[in-house]
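Lettered A, B, C and D in written order, each chain numbered from 1.
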Amino acid sequence: MARQKKTIITCAVTGAIHTPTMSDALPYTYDDIAQQAVEAAEAGASILHLHARNPENGSPSVDPNDFAPFLPRIKQATGAVVNLSTGGSLTLSIQDRINPAKTFSPEMCSMNMGSMNFSFHPLANRYGDDDWKFDWEKDYVANSDQNIFRNTFRDIREAAKTLAPHDIKFEHECYDVGHLYNLKFCMDIGLFKAPIFIQFIFGILGGIGPEADNLIFMKRTADRLFGDDYRWSVLGAGGAQMSLATTASQMGGNIRVGLEDSLFISRGKLAESNAQQVAKIRRIVEDLGSQVATPGEAREILDLKGGDRVAF
Amino acid sequence: MARQKKTIITCAVTGAIHTPTMSDALPYTYDDIAQQAVEAAEAGASILHLHARNPENGSPSVDPNDFAPFLPRIKQATGAVVNLSTGGSLTLSIQDRINPAKTFSPEMCSMNMGSMNFSFHPLANRYGDDDWKFDWEKDYVANSDQNIFRNTFRDIREAAKTLAPHDIKFEHECYDVGHLYNLKFCMDIGLFKAPIFIQFIFGILGGIGPEADNLIFMKRTADRLFGDDYRWSVLGAGGAQMSLATTASQMGGNIRVGLEDSLFISRGKLAESNAQQVAKIRRIVEDLGSQVATPGEAREILDLKGGDRVAF
Amino acid sequence: MARQKKTIITCAVTGAIHTPTMSDALPYTYDDIAQQAVEAAEAGASILHLHARNPENGSPSVDPNDFAPFLPRIKQATGAVVNLSTGGSLTLSIQDRINPAKTFSPEMCSMNMGSMNFSFHPLANRYGDDDWKFDWEKDYVANSDQNIFRNTFRDIREAAKTLAPHDIKFEHECYDVGHLYNLKFCMDIGLFKAPIFIQFIFGILGGIGPEADNLIFMKRTADRLFGDDYRWSVLGAGGAQMSLATTASQMGGNIRVGLEDSLFISRGKLAESNAQQVAKIRRIVEDLGSQVATPGEAREILDLKGGDRVAF
Amino acid sequence: MARQKKTIITCAVTGAIHTPTMSDALPYTYDDIAQQAVEAAEAGASILHLHARNPENGSPSVDPNDFAPFLPRIKQATGAVVNLSTGGSLTLSIQDRINPAKTFSPEMCSMNMGSMNFSFHPLANRYGDDDWKFDWEKDYVANSDQNIFRNTFRDIREAAKTLAPHDIKFEHECYDVGHLYNLKFCMDIGLFKAPIFIQFIFGILGGIGPEADNLIFMKRTADRLFGDDYRWSVLGAGGAQMSLATTASQMGGNIRVGLEDSLFISRGKLAESNAQQVAKIRRIVEDLGSQVATPGEAREILDLKGGDRVAF
C-alpha cells in the first residue's frame, strides 16, 4: 500500500440497519439527512456515505425520489464527496439497488464484495413491544436472522458493467477475508481499475469481528493481493467504532464513522449527531499527529472524477 | 486447543461441486460410492464424509433414497465414522438438506456456518460444449457465479434444533473468519456443545484463500474464541489440498482429503481414486512423525455417540 | 490474558538512553527527577519507572547513593508505585545493576529478558561536536553500535534468586519475540510466579520494530505461552510512543510513556515534561472510553506487596 | 518476495552446538566432514554450510587450518555451493570468526544479524558425568547459559566491509524478528546488496520459537521490509526440523537441514548421517510437488559468483 499523508474521514449518515426507535438522532427526513450531512462535512468529513429513507417512517429506501430532495442541498452547502450506497436493501435486486447511483452518477458509490449473513436480531431484545416508534421496525430487526446480504459474482459484475460509463469510484465494502479474494478475482477479470478503495468492515454479525488483530490481518491480506493498487479505510460497527478508527489512522489508513455504523459517542451514551462523531474522531486523530484530508485532498488520494461531474 | 496425539483423516468421497466430466474417478453410482468409501477407509480414513448423487447422471442429490443403497454397505465393510453432508444443494431448503441426516442419524454430519458466494464457474472454461458427459453439467458449473450457499442464522438454528435428538457431532464447515464468529454466536445461545469440531476450508471462490497464513489465522482466531472447546481439521480445495493438509498435521490438526475437495493427486495429474489421496497424505504425515487415528481413536477424540447408534 | 477494567499508566522518567543535550526537559538532578516523577503521578501515572543519573553531568548511574536522595521524596509526595530499573548500565555486571533494587526493596523493578544489540548511534548525527552539553555524551551515543545489552540466562537467574526475598514484582521487558520464550523458559524452571507483568517494547534498534502488527503478534504469542498468567503493557520508543500506547489501551493493555522512551510530545516537538506526556495519553485513552488506574488499582491488578513494604 | 520454482536444500554438516557424545554420526574429523558433505550433496543438497572442528576431540574451530583439509576434497567431488560459517565461536572476535571466509573466499558465508542469548545447557542434563566422550564437552554445554552470541552492529559492519572484496553472498541468519530490522538497517546504510538471502531460524533457546505461526510472521515481516529484494530459507532446530522445512517448502521457501541443526531423523531416533536427513526432506518435498534445485539453479536463484572463483 502506498503511504499517504492525510486521513480521509467518511461519515455514513444514516444507513439501513438502525431504526428510528434506537436513537432520536438518527436522521430519516430529507431535511435531517441534509442537515446532518452538511454538519458532518463541516466537522471534518470529506466523504459523505448516503442512504435514503422513507421520510414518513424512516424505513430504508432505494428509491431515487428519496435521494433527490437532499442531494442538491448537500452539494450546494459543502464540497464534500457524495458517496451513494448500493447496499441499501436486503430484499431488492441489484438493479434496484444501483438505481440511485445510475440516476445521480455520484463521484463514489459503495460496492459490497460478497454474500453473507447480515444480522442484528439481538438488538430486538432491547425493546419492548410498545417501544417501537413505527410498525415496520420490530419485524425488520427481529427477522434479520433470516437475512442474506446478497452480492453474487454475477450481481457484482452486473453492477460494475452498468455503472462503468459513470466513472464512479467504488467504496469496496469487505466484511471478511474472502471478500478481499472476491475483489481480487473481479480485478483480475477487469471489473475494477486501480487505485481501488477498500472499506474494511468489522463487527457486523455475519462478518469478521472487531478485534485489532483482524484489522491487521485484513490489511496485510490486501497488501499481498493488491500491492500499491489500493487505498483503504476502516469501519468498526457499534462499540468498536472509535477504537478501530483510531488504530487505522495510526496505521496510515482512512476512517469511517457515522450513525449508520454506531449510534453511540461513548460507552452507553448515544451520539447527538453525526457531526459529533466526526468531531470526536478528528480530535483524537489530530491529537495523535495525523492531519485530516480536505475534500480536495480526498479527491486526489482516491483519484475521483470531480464534484462537477455528478448528475444532481 | 487441547493437544491431541493422533491425526484424523477424513475422506470426502464425492461432494457436489465436481461433475462426472471432470474426472472418470469421481464416483456417483451407489456401487462406486460404496467401494471408494470402503477403500478410502482401508487406506487410512477414519471418517467418511458422504454426499449422494443421482446414479444415472451424477447430479447432486439430497434424497435419502440415494443414500440408502450405499450406507449399509459401507457400515458393514468398515468401522469408519459416517459423516453425512447437509450442504449438498444450493437451491433446496435447509429442511430438505438435513433430511438425510434426520433419516439415517449418523454419528456426524456437516453444518455450514454462514452464507456466502460459492462459485466454480471458471471451471466451465476448461471444457468445450461437446466435452460434457451429461446435460446438467455445463449450466450447473457455468451458472455458479449466481450461487449463494445459503446458511442463515435461522437456518442453522433450525438444523441444530431438528437434529438435536439424534446426538450427531457436527463438522462445522467454516469458509471464512466470520464463520468462526457465527459459530461462537451459536454456541453462546446454546445450539452446540463442546467439544465442537471445526473444518477450516480454504480455497473456495467466495471464501478465504488457500495460503498458509490464512490457516494460521483461522486457527488462532478459533483458539481465542473457543479455547479448549474445539477440535479442528483442514480442507484445502484444489491444488492446496496436500500442502495445507501437511501443514495442518504438523500444527496438531486433523485433515480432510477426497475427490470432493480436489480431483488431483499431484500437479496436473488426476487422482485414480479417493483411496489414492488418502494413501498419499498418510504416507507424508507418517513420514513427518505423526500417527493416523483409527476410527476408534477418532470417536474418542471427537466424543462421538458410536457406530452402533446410527439408523442405517 | 484475563481482561482488566482499568489502564495502568507507567511513566519512565529519565532512563539511560537519552542525554541532557537532547532535551532540556530530561531530568537528571535529584530535584528534577523527584519533581517530574511526582508531577507525572499527579497527571495520572500510577507506576514510576526510575533510573538514577549522576547529578553533575546526567550520565547514567546505578549507584544506590544516586537513588537515595529522590526515593523518599517521591514516596512522601505520591502514592504511586516505585519501579526501579535493573537495566541501567550496558557495561556493569548484573550484580551491580540489581544493587538499587536490593538496597531499596521497591514494589517493582525491571527485568530484561534477553541479550541484544541496543543501539542509538544514529542519534549522534543530529548534533555537531560543539552541541554536546557534557563530555561523556558524544562517545556514549556514537559508540552504542558496539552495545550489547547483556542479560544471559545465568544473569537472569542470578537476579531472580538474589531479589527473591524482597517480594518484588518484575516488569519483564521484552524487546523481541524470543524474549517471551526466554521468559517462558524461566517460568518453567520456577524463577517467576504468576501473574507476571510483561512490558512489550517496540522500536529500539536491535529489537522488534514499532508496527502495530508486531504489537498484535507479541501479545498473541504471550497469550499462547502464558494464558491467564500475565498482565501486559506497551512501550513504543520514539515516534511510536503515543500511537502504540493508544492501540494497546484499546486492546485492553496497559501503557508506558515518559522521557526515557521518547523526548517528544508530538512530531518534531519536544515534550516539556514527563507529566505532559502522561496527561496527553490519559486524555486520549479517556476519550476512547478507558479509565486510568489509581495506584491502588494498579497494586491490585499486579498483585504488589504494598507501598509500606519498601526500604526507603 | 519473488516467486521461485525450485527448492534449494542447504545441508549444515556439523556446526558448533552439538558435541560428539550426542551422536556418533556427528562428523568432526576432516575425513568425516568431507565424506558426509559429499554424500549430502549427492542426496540433493545444493549448498553445504560448513564449520570446522578440532579433529582430535571434535571441539569447534575457526582455524583456517582446520578447513583446509576438507574444502578441496568437497570441491573436487561435488558441484555444490560451499558456504562457510562465520559464527563458529561464541568467545572469539568477529575478525577471528571471519578468518576462514577471508582465507578461502567461498561463494557464500553465514552472517548473523544480531546479538542474543544462545543456550543449550538443558542438554547437559541428558548425560551423566561419565557419558561424555571428551573433556571439553560437559562445560561447553552446561555453561551455555552464560552464552551471548555476539554480533553487534559494529561487528556486522566490520565483517561486511572486510569481506566485501570477496563478492560473497551472505546467508543472513535471523533468529528473531528484530534481526530482520537489523538487516534492514544494514541494507539502508549500504552494507548488503539485493538479492539478499535470509535464513529464518526457529527453536534456538534465546531466539524465536519453532511454531509455524512464527515462520509466517517472520516471512511477512521480511516481505514488508525487503519486498522482492530477498530470497529465504528456513531452519528449524531440533524436533522442528522436518516439519518447518516442509511448511517452508510449501510456502515457496528454501530449506536447511543437517546435523548442525538436529541430530535426529524422526522422533527419538538419531540420524545416521547428514545425507539421510537430506534424502528424507527431499522425498517429502518432491511428494508434495516441489522440485529440488541443482547447484547450478541455486547459483542462479541466489546470484552467486560461481564455484570457480573461490580460493580453495
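The criterion applied here is as follows: contacts are C-beta pairs under 8 Å (C-beta built on N, C-alpha and C of every residue); 3 or more make two chains touch, one makes a residue touch a chain.
Nothing here was measured: the structure is a model prediction, and the numbers come from that model.
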Top of the farthest list for chain C, CA-centroid basis, is B
Interface copy of C-D among A-C, B-D or A-B, with over half of contact pairs matching by residue number, is A-B
Per the C-alpha centroid definition, the whole-Å distance linking chain A and chain B comes out as 36
Separation of the C-alpha centres, chain A versus chain D, in whole Å, is 51
Taking each chain's centre as the mean of its CA atoms, chain A sits from chain C at a distance in Å of 41
Where chain D touches two or more other chains at once, the residues are 213, 220, 224
The chain B residues in contact with chain A across the complex are 114-117, 119, 121, 145-148, 150-154, 157, 175-178, 181-182, 185, 205-209, 211, 213-214, 217, 221, 224
So, in the complex, the side of chain D touching chain B is made of residues 212-213, 216, 220, 242-243, 246-247, 250-251, 266-267, 280, 283-284, 287-289
